[in-house]
Each structure stands twice: as C-alpha cells, then as structure tokens.
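Look for subunit A in each of the two complexes below; its partner is subunit B in the first and subunit C in the second.
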Partner chain A sequence: MGYPQPSHERETPVLSKYFGDRDATSLDGWRKRGGYEGLRKALSMTPAEIVEIVKASGLRGRGGAGFPTGIKWSFMKPGDGKPHYLCCNADESEPGTFKDREIMRWTPHALVEGCALGAYAIGAETAYVYIRGEFTEPLARMREAVREAYDAGILGTNSMGTGKRIDIVVHKGAGAYICGEETAMMNSIEGRRGNPRIKPPFPAVSGVFAQPTTINNVETLAVVPHILVHGADWYKAMCLSSPKSTGSKLFSVCGNIARPGNYEVTLGFPFKDFLYDLCGGPLPGRTFKAVVPGGISVPIQTMEEAEATKMDYEGFIEQGSMLGSGGVIVFDDQQNMVKQIARAARFFAHESCAQCTQCREGTAWTTRIMERIRDGEGTHEDLDTLFSIADNMTGKTICVLSDSCAVPVVSGINKFRSEFEALIKKPKFHPVTAAVA
Partner chain B sequence: MTAAIHEHETPYQPVFVGDRRKELDALFPLYPTKMACVLPALWMVQEDRGWISDEAMAEVAEVLELTPAYVKGVVTFYTMYNQHPVGKYLVQVCTTTPCNICGAEDVVAAILEHTGCTDLGITSPDGRFTVIEVECLGACGFATPVMINEEVVESVTAARVPEILAGLK
Partner chain C sequence: MVNLTIEGRPVSVPEGTSILEAGRRAGVLIPHYCYHPGLSIAGNCRMCLVEVEKAPKLAPSCATAVAEGQVVHIYTEKALEARKGVLEMLLINHPLDCPICDKSGECELQDFTYQEGPAKSRLRDPKRFNPIEDFGGDVLYTTNRCILCTRCVRFMDEIAQDTVLNVSERGDRALIGKFEGKELTHTWAGNVIDLCPVGALLSKDSLNKARSWELDHAPSICTGCSQGCNISIDTRDNTVIRLRPRPNEEVNKYFMCDVGRLDYRWINRQDRIEVPLIRRGESLAASDWDVAIPAAAALLDGKRVFVAASPNLSNETLHLLGKLVASAGGSGTFVVRTGPEAPLPGVKDLSLRADRAANGTGAELLGFKRTASPLDGLASGDVLVVADADLSTATADELALPSAILVIGTTLPENLRSASVVLPIANYAEEEGTFTNLRGRVQRFSQAKAAPGMARPSWWVVGDILAALGKGDAYYLASEVFAAMASDVSAFAGMNYDALGMRGAVVSGSAR
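Here is the complex of A and B:
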C-alpha cells in the first residue's frame, strides 16, 4: 500500500509497503507484518557479523551523502571502554524531501527496530532519535512506538530477553534546517545552539557528548532489519544500473506534477519512466521545464538531462546533478526559474547558522542580488558577481550549507541563462526620467 | 512598551513545580549531562505558557545549572521557540520553493485576509491569530502544508482557507 495513492506496479515497495495502513503503526500490527524478526536475528549474532552483512549488501546512506553504511559502522571500535552512541537523523528538512516523515508516520516500529539493531551493531546502548519539531504527528507516533517497545521488553535492560541493554530516546528539535547536518545535530542534542563542528575529529572518534558516535538517516536504519531477514544477496540483487548503487530507495516527488507523493524504486530505475509513468507526467496542458532531483541543495537538471538519467548515486552525477536525499522537485513551463532560485537562496539565508563569514554574508548577498534580478532591477554585472560570490562560498566553510546555496544559483544561471537575461533586459520605468520627459 | 512594563509587574510563576518538575527530573537519566535537557525544558515552558519569557529562560537556567545568557543563546537559535506572546492560533504557512511553485503565496494572502491579520507576524486585533511564513515543513508533496499550533493541515489551497479557519473554535 502506498500513500496517498497505492503503489505503482513498477515500484519496489520494501519500506513503503505499509504506508497508509493504520494497523501497521501499532506493535501488534507490526509484528503481524513480520516486524522485529530482523532484530531478533541480529541479537543472536555478533556485532561484527552484522556489520559484515550490511557491508556486503552495498547499502549506502540515504540521507544525502551516500556513504556506505557498513563501512561507517566499522569505524566504531569495539571494546574501547567508552560509551558509544547512535544518533538517528530524523530532522528531514531538505526542501523537496518528505520520505522519513512517512516512514515514521506509518511504520514507526520499522525505525525503532532499525535503531535498536544499529545500536547493537555499533556497540551502543543508547540511540537518540532527533526528530524536527515541526513533525508533530511523526513525533507522537515514534514516542508511542518507543513506549510500546519498552513495555514489550524489546527495549530496555534486557532487550528481547538477551540481557543486552538498548535504550532509545526521542529528542524533539525546535526549528533549524542546519540541525540536519550531523555535527550540528550532535550539538543540538547536547543542548547547544545548532552550529556545525569542524571535522576532524569525526563523530566515530568524538561525537555526541564527546564519545564515539554514528549518525544514520531514518531510511537507512529502517531498511537494515530487512537486510538481516532476507540477506545481503537479496538486497544487492536490487540493482538496475551501477553495481555501486544497490537496494530500493524512496523518492519524494513534489512541485508541478500530476501525482506527487513518495515512490520506492530499485536504484537505477529510468528517471524518464519515473516522471511520466509512475508520477503521471505534467499537469494538464503544461510541460516540464526543470527538475531538482535530490533536494534543493543539488544542481538543477534540464529535462534533457533528467530524461537521460538512471536513478542511482552514479546516474544522477553523470547527468549533472546528485541523488542527494531523493527529494524530486519538478518545475513546469508556468514557473520562472529566477523567481524560484531567488526563493531557494532566501531559504539558505534564513537557515545559515552564521558561524562562517562566507555563508552568513554570501547567502544574504546572493538573495539580495537574485531578488533584484527577479524584480527587473538587475544588471549583467550581477551575474558575474553571483558567480564570484558562489566561488567564495564553495568548499570554504565548516559545513556545506554555503555550498548548497551556491549550487542552485550556479546551475540555474548556466542552464537557464536566457530567463535571467530576459529579466535584466526588461525596459525599466524610471519615474524621474518619465516626469522630465 | 506599556504592555511590556505591565508584564514585568506581574510576579513570575515558575513552570518547574509539581508534575512538571517530576517530568523534567525523569529526563535527567536519559542524557549524560543536564545541559542536554535545555531543548526539552524549553518545550515544556512553551507548552505551558505559549512563549518563552526572559524570566522563564532564567528559570530554565537555574534548574539546569546554566546561565540565563546561555539559555537565551539557545532560545534565539531555534525558530520554533516564541520569544513573544502569539495569538491563540499560531498559523505557519510553508512558502519554500516546492510550495511556492504550487501557489503558497496565494494561501498566505488568503489566510491574512480571513484572519484579519494586517501583516505576517502581527497578531490579529482579536488576539486569535498570528500568521507567519515558515521555511519547509517537510511535507512538500502535500503542498501547501499549513501548521496550526500542533497540527499540520495538508494540501491547503486559497479556496480551502475559509473552511479550515471556520473549523477553529
């Protein structure tokens, strides 16, 4: 079952199978659907064995960076005498992305199970699930699921009767995009302002509360129990293009498209079929103009690029963009790209934590110039200035928020330059000159 | 200005007494430091009072063994903590790019018109509504999502606004 519409026959529903199924939200309902079998199996194995299975599956992080999950877990050294922590990144705030919201809303026990399993695999006794404050319904469902799991003895000092301790704490954020950046999230959990930290030290060495920490996305953790139940080979076999991209992936689709929503496909799926067949193509009487395929932080694709894309980590890079978080934003011929890129820049200016000068000033300057061009007050020099600012914002700051602001601007000017020039060339009405004439 | 002076004249009633204090104390074992309870404690204040005053920040500081300045630093970082009183209904409309291309600006205009708010961030004269724009509510496929206090209403269009607002008591 999908939500808001049933799964398409060409989808591969692993995580989204029970979206829209209210019975799946309870512990009983989840157990009837095979829930907690992955955790039961995992607890009978050693952490090292679990890490090897996850490595062999080829699973890569679903939050945006695509780092191999098994390798990330292997950075946590067992027996170092320190408390280890797992942080689940449920701060989903990348514009265009709303998949983790649906996982927590419909299948909260999938995430509880994934967190418990992940915690055990990295030698942690505590997992913090950091959920953004705006997600009131997912927060309520997760809190209820955690409570049920404690009552049933799945969590606590004697997890599933194995004598192992696994605690899960749901931590509510308070409105800050940047807290989806892993080091900012750790600061936020510690009760600080959500400023990102300089790396190194990396979280596996010194993370939350200065202890070894692993941070994983909701979707990544939720799929691990399936890998334990069905095996690494089953997961690895889900692959339609690059062997480096395995498994199914949730894509959130929004914007000017017939059927917005979440779609789960095997990696490597043709993007053209995805947009026109699964999502129903453009709205009546309109045509697609551009796609941002992985959340607002990735480069904009022209339709030519999008239609040639295989939907996996490598495929999106080959066609001038990135898979990112899988948040597909579709723009049609009714949209002015300058206006929308200006709006994206304003988002980043609002969300900059203001630690780094390049970001604090750069996002604000970019927004002012973009809005000036949008309002017909821009000059050709402004385009050069935007490139120069973007250059100074890329690769020069503690985190990548600054880079993310530069990306849509640079790709927008390069791919839709005529729209910028049309606004710049627009004749201006000067009240003073008009009065004199 | 006058209103602010009057507020200070009213003696501050602490939040962390009785059950609220017990609720906070129950959080301490979940984290290795007391400081980690700043965000949860501030949420409790806001649930009870609707906003977080300087006096409340000082109280949070005291119960968590921090300084008021530190707590204020945290409060001012996060957009969901109200630093001023808001209307009975805080209406947050997502206007970030994905919603913007689906008509979020029309939704904002309709909400302002039907709530009687003169502008964003200005509480309506009857004290019922404060309307603000919010950056990405994470429900982009259900454009335009509007968050009214704790509830997110999906797929709001300008035409649906009167009916949604009429549903609020």
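Here is the complex of A and C:
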C-alpha cells in the first residue's frame, strides 16, 4: 500500500497490506489477520527445514547488501555449544528510507513473529531488535507488541506451548547512522561506542558478545512468516525480471514527486511505471532530473537510466546504481545537484565514526570542497581533487561509510558535470578586492 | 608454520601471525600508526595497506593473518598510492609545526611522510583547530597533531586498565578526550607519551628541553625499584634529559612507570666529590689516586671491615666489596628503601615494586645482609667502609664506633666528614655493569654520561684497593670483574658478560 497514499492496483501488498490499519497493531487484531500462523508452523519444524524453505524462496537481505537470507542463516552451525543471537537491524538510518518505520508502526507483531521465527531457525534463544533513537513511535509500538507477545505466551520460556525459549529484547539506539552498520550495531548493543569492527571475524563466528550472531533487516524478518505460510514457491513466483531477485519489496519514495510514500511492488517492476504511474510523476509543471534509488549511499541515476531500470538487485546495477535499502529520492528540474550532493556529503562527514583516516578526514574534506563549489568559490582542480579523494575513500576502510560518501560525489560529477562547471565558471565577487581595485 | 613471501623475501612464521609482524621478521618495515605489538589490533589508521596477490582489495597488514603461499607486495603502485592517500588525509588538518614540536626527529608521521608521503598539500580550506589540553599527570595533549590512532586509549583500557581516555565526538571533529572527573594520574600513564606515534601526547617534564637529534641514547636499567625495567637514558651535553622504556619482552615489555621515569634529576646533581680526599689533621685534602688507593689500603690492612653498601651498586662492585669483607673477616649490609607497590595489570609480573632499589637481589646473592638500619652489626674498632650507602639515619654514637671510616661514594654527606679517606666514584649512569632484578635476571647497563672530575667506576676503585692489599687483581673492564664473579659465585656460574646482551639472563637456582 502506498501509505499514506491509497493502495495502487499494481502494487503487491504483502508487508504493507495493513499499513494505516490501526487495529492490526494489537495482538488480537494481528491474529485476526492471520498473524502468528507462520511462527506456529515453523515451531513444528526443525530449524534446518526452515532454512531450506527460506533458501528455496530466494529471499535476499532487504537492508541493502542483498545477501541471500537462507544462506546467511545456514552459517549458524547448530550444536556448537555457544549461545546464538539474532539481531534485527531496525536502525533504518539511511537517508531517504522509511519502510521499516512503517512496518513497526502498523504491524509490529509481524516483526515480533519474524524475529521469533528467525531466532528459532538459527538456534538462538535471544533476539535483539535495535531501533534507532529517533523512532519514538515505532519503539513504543514494538515494546507494546513484545509485551503482548510475552503475556500471550508467544515469547518466553515456553514459546507457543512448544517448550522452546525465545526472548526478544527491544534495544533503543541513540541516533547514530553508523549504528546501522551491523558490527557497529553489535558494539552499540554491548554498550560500547558504535564503531564498526574489523572483519574477519564475521558475525556468524564472533558477533554480539563474541558469540555467533545473525543480523537481518526488519523487512527481511517480517516477510519470513509469509514465506512459511504460503510456501517458498509462492514467494519465488513473485518475480518480474531477474530470477535471482524474488518476492516483493517496499520502496520509500520522497523528494519532488506527486505522491511520496511507501510502495510495495514485486521485484523487477519497471521503474518508469513506478515513478510516473504509482507515484504520480513530477509535481505540476516540473520534470524529473535525477533519482537516488536506494538510499543516499547508492549512485545517482539520470532519468534515462532510471526509466530503463527494472526494479531488482540486478536491474539497478545494470543501470549504474544499486537497489540498496529501497529509499527512492527524486530530484526535479528545480533542484541544484551540487547543493544536494554537498548536503549528502555533509551528512556523511557528520556521521563518520572517526576510526579510519580516509573516512574521518575524507568525508569532511569532501564536504568542504563541495560546499565551496556550491557557494561559487570552486575551481576545476577541485573536481580532480574530489575524484582523487573519492578514490582514496573507496575500498580501503573498515566499513563502507567512506565509500558511501564517495559514491554520490563521483556519480554526481560524472552525470551532472555541467551544473558543477556552471557554478565554477560563475564570476566570483569579492567585495574587499573589488573596492581596492 | 606458515610460509609466505613478503617483498620477495621468503619468511616462515607461526600460524595467526599478522602480515605486518611477518614483515618485521623478514626485515621489512610496513608503515603503520595504530598498530603496536603491545596493544590490541585497531586497524583504524589504514596506513599498513599492502597488496596481497589474488586478493581483490588492499589488505590492512596489521589485521590480516598470514596464509600459506601468500605473496605480499608493499611497494606496488597501488599500495603506495593508497598509503600516500592516507598520509595526505592525516596531514590536511595537521598543523605541520615540526619546528616547534618536541616529537620532531623521532616522529613516525614525519618518517613515513618523508618516505612515501605527498610532497605538497591540496587543501585550500582552513585547517581544523582545537586547543591544547592538560591530561593530568605528566601528559599534555596537543589536539591538532593527533592522528587518532587510539594507541593511548587502548593502553589505558587494556594495559593500565584504568579507563581515562576515549575518542570523543565523531567525524573530523573527533579528538582524544578524558572521561569526566578522570585524570591521567595512573602510575603507568606516562607510557602513552612513548606510545604516541606523533607529537600529540607530550611529557610536561621534558617539554621544550631538547630537540630529539641533540640527544644521545644509552641503554640502561631503571634503578627506581627491583623490577629492573629496561630503559634508555637520553642525555644532552652530559646531562640526563629524560628516561624512556626500552623493550624487553621478559621484563617490562614496552613500558616503565612514571616513578622511575621522572626520578632522574639526582643523576645530574652537582654536589659530587670530584677528587680523592685524604685526611690531613682536621681537614680533608685533595689528593691523587696514586696516593689515595695506598692510603685506603693502609687504613684497611689487618682490620676487621664493615661495609655499608648501597643496593644500587652493580653486581661487579658488590662482588669485589664482598671479597674485601671475606678476606678481612667482617660483615656487609645494605638497606632498601620501600614504598607502595603499583602493578601494571595488563602485563604479567610487571609492577613498581615495594623495594625501591635496583640490586637488592644481587647484594644478597653476593653475601650482603639486608638490614633495617645501615650500621646494624658494626662493631667497635671496625673499619667502616661506606660504599655509597645512605647513612643519613646513622647516629653520632654509631659513627663514633669504628676505628676509621673509608668513604667510596658519589657524594660526601655532612656526617661523614670525619672519614679518613674519601674515594669518588661514578654513579650508575656514568659506568657500566650489571644489576640482578627481583626475579634473578642479570641485566647490563651501559654508560650514558661522563663522571665528574677524577671519579672512577666503583668496581675499578674497589679492585685497586684489593690489589693494593695483595688480596686480588686490579681490573680494567667491567666484563673482567663479571668473569671473576661468574667463576667465584655459584649463582652467576656459567654466565658471560657479552652473552647477556640487552635481554639479560637469569641466575641459577632462581625462582623464575
């Protein structure tokens, strides 16, 4: 459902079916809508069977990287004598993304169910739901849902009467973008500074509290009960383009567009139809100029690229970008791309955890140069410097925040160079020098 | 063992070793900042990026374990470009104030920038500025020079286990901060100064005292306590400027405590005896060694001898003094000043020890008795030999007991002015020799500065007296005395002065 817009007939509402439906937030309401059937079914199966079903469904991580969920779960070796943990990444801090927020606001029990199911599948007894600090309403809804689930015996020492122990801890973050990075999130859960950790060891070997850990996105976990209820084939059949991208995906749309909101479509949906049909196209009298399709960390697309895109993991890569988190940011002809990219760079400079040299210094330096160009004080050398800084920031650091800062800058200069040059060529006005001359 | 090739050199190291450590063993230094062998791996400076064949990305060599058959390149264009990029980033906000920085000349940022850094800056914007902060203790934090390698934070957390420091703020606003209400007053906190690869953490004690290239360095042993931390005595113009730890895996790893570090001013004291003195009636007259040694021998000849020795004398000197006592039928004592223990929790068996002297163990092994009072056991009619011992607590009655007093010392205190002969000796920084620490480790120290006037190494003076008495040989090298000691004293049997090297060796029958 294109919440807060009315549902569009071309959408595939699986997760978003009850967005805007106040009654779905309660346990009773959720049960009336078929809730907890997936979990009930799952608890009657072995964890290995669940992992096989998820593998067969083709479900891939919805947080941005698109790693196959079933394979990720299969890394958690049963019977290693260690406590396993599931962490649900509800930090959703990628600018332009607000799909997990709506899942937690309207269908918190879908996530509780998904977490319980995921925990059981990987042999964990405790699942952490790490919610970003700014999400006050989703946090309250999730806490209430978890309380209800405990009271109803869905969680606790005897989950749904099966004798299995499943605990869910809702953990409130403090509003750092980097805590959405999985290893930084684990540090944050442990009470440390949210700095990403060096990999290896990978979380499946040594994660939160140095125990085997799986981290999944909210959307990934929330959809698993549906797969259990309807079967892997049902999910796999939801595919309009690449067979490697299956199922439905929520896209958060914002920016200069007629109907911003959350839209759920089957993967492989034509991006052109999505923008012009579902989201209503540009505002009256304007035209689209550029799209960031997957949160601000992915390369910017020109409209030619965007309109040729099939909305799935492979489709976005083919057209010079990435699916990312599904946060679609639209810019129209009224926007100056230099200003927008400078703003994005400032965000990354503010959020860098300050561990790696290239990221700490590079994001800030990029920001200073971008803002100077924006203010009409840039030079052509600055563009070369930006490329060189971006190169130093890519693929050389502990996490990808530094790469993420370089991405919009590089794609922006490459695709919208004329806007940079227009600002550089603009006559510079220096009042003091002018007075002396 | 894992076999790999680093810069064309084959090297074989145990499994789990990092590429950076393997490189050290192969004799190749991979540039790095955050890595320190005594601390955990942070992997945050990204300076140690190297190219590993068949790996898609450059690898941080401090955080990458070696693998069989790996081929590592340090100086390929790709790796050099990446490290040049890191250096450029480190330098954009660095004040480049090397001419007024204490670290200049021994700064790793300077070293690696000269080696492979960019020749000029592309920064056109103003630099970030932060004020200097006093971290308490001996430490001053020059924020602008900091490269945030977090060595200091990790040392305080992991080794000192006193969480005082943190990384405050994020992004390029980040700096090293103190937790509220905390100061760097831990007994071992001064180590953060040595750990800092740049000029961010400076010693207030040696601030602006010397440029590093003016300093001479002599390997030595700290005399602050019985731990025997390995140190470097840094001098300029025959004056000790600072003491710094010298790594010894067996004793002090890479560290020394602030008590030892800051206790060096006495080495430079000016009220030293500079010539041999011989009593002429009421006063002590300047003399010469040729006269003073026979005079001292005459004093001792045929008398019972009581030696009050300093526990900071070398094994060599104590051995010869022991021979003197044995031949004359007397006794020898020493007194060790004590203080509170202060362990360094992160390192096994490393502590500021209660015994605040370097060679109490050696003195005991060489036949001296540890007593509460320096003149305990002094009999009437003895000749009292004061071998640099502190007799400030001795009473006038006690000092009236001996038939004569021979002072072999660095200074002549007021209450020993009644001495018959006074022989000036070098202090430990002015001679060479060995100390035995509380675990029985015999370690060499070397000469860092010249002794004042005619003062001679203590073992030389005692050896000459023994020779004049016809009870031993004269010695001209500390190693000769050591060899004699090794053959005479069973605890030191089989030891060789040269073979001790800079690590030392443990006496036989020791607890360790």
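What to note about this one:
As a working rule, the second predicted complex is superposed on the first by the 431 of 437 C-alpha atoms of A that agree within 3 Å, B and C clash if a C-alpha of one lies under 4 Å from a C-alpha of the other, contacts with A are read in each partner's own complex, and residues count from 1 in each chain.
One rule holds for everything that comes next: a contact is a pair of C-beta atoms (placed from the backbone, for glycine too) under 8 Å apart; a residue touches a chain by one contact, two chains touch by 3 or more.
As the structure is a computational prediction, the values presented were derived from the model and not from experiment.
In the superposed model, A:171 lies in contact with subunit B only, and not with subunit C.
In the superposed model, A:192 makes contact with subunit B only, not with subunit C. Looking at the shared chain after the overlay, A:350 reaches both subunit B and subunit C. In the superposition on chain A, A:293 makes contact with neither subunit B nor subunit C.
When the two complexes are overlaid on their common chain A, residue A:392 makes contact with subunit C while staying clear of subunit B.
When the two structures are aligned on the shared chain, A:260 is found in touch with subunit B, with no touch to subunit C. Taking subunit A as the reference, the larger set of touched residues comes from B, when subunit B and subunit C are compared.
In the superposed model, A:252 lies in contact with subunit B only, and not with subunit C. With both structures placed on the common chain, the touch criterion links A:358 to subunit C but leaves subunit B unconnected.
Touching of subunit A by both subunit B and subunit C, each in its own complex, is seen for residues 176, 193, 350-351, 353. Looking at the complex, you find that subunit A touches subunit C at residues 176, 178, 193, 198, 349-358, 360-365, 368-369, 372, 381-382, 385, 388, 391-392, 395-398.
Within the complex formed with subunit A, the residues of subunit B that make contact are 30-33, 35-40, 42-43, 64, 73-74, 77-81, 92, 95-98, 100-102, 134-143, 147, 150-152.
Contact residues on subunit C toward subunit A in their complex (touch as defined above): 41-47, 49, 57-58, 60, 63, 82, 85-86, 88-90, 92-93, 122-125, 128, 147-148, 166-167, 169-174. Interface residues of subunit A, counted against subunit B in their complex, comprise 4, 83, 92-98, 101, 126, 132-137, 167, 169, 171-177, 188-194, 209, 252-256, 260-262, 296, 327, 329, 331, 335, 340, 343-344, 347, 350-351, 353.
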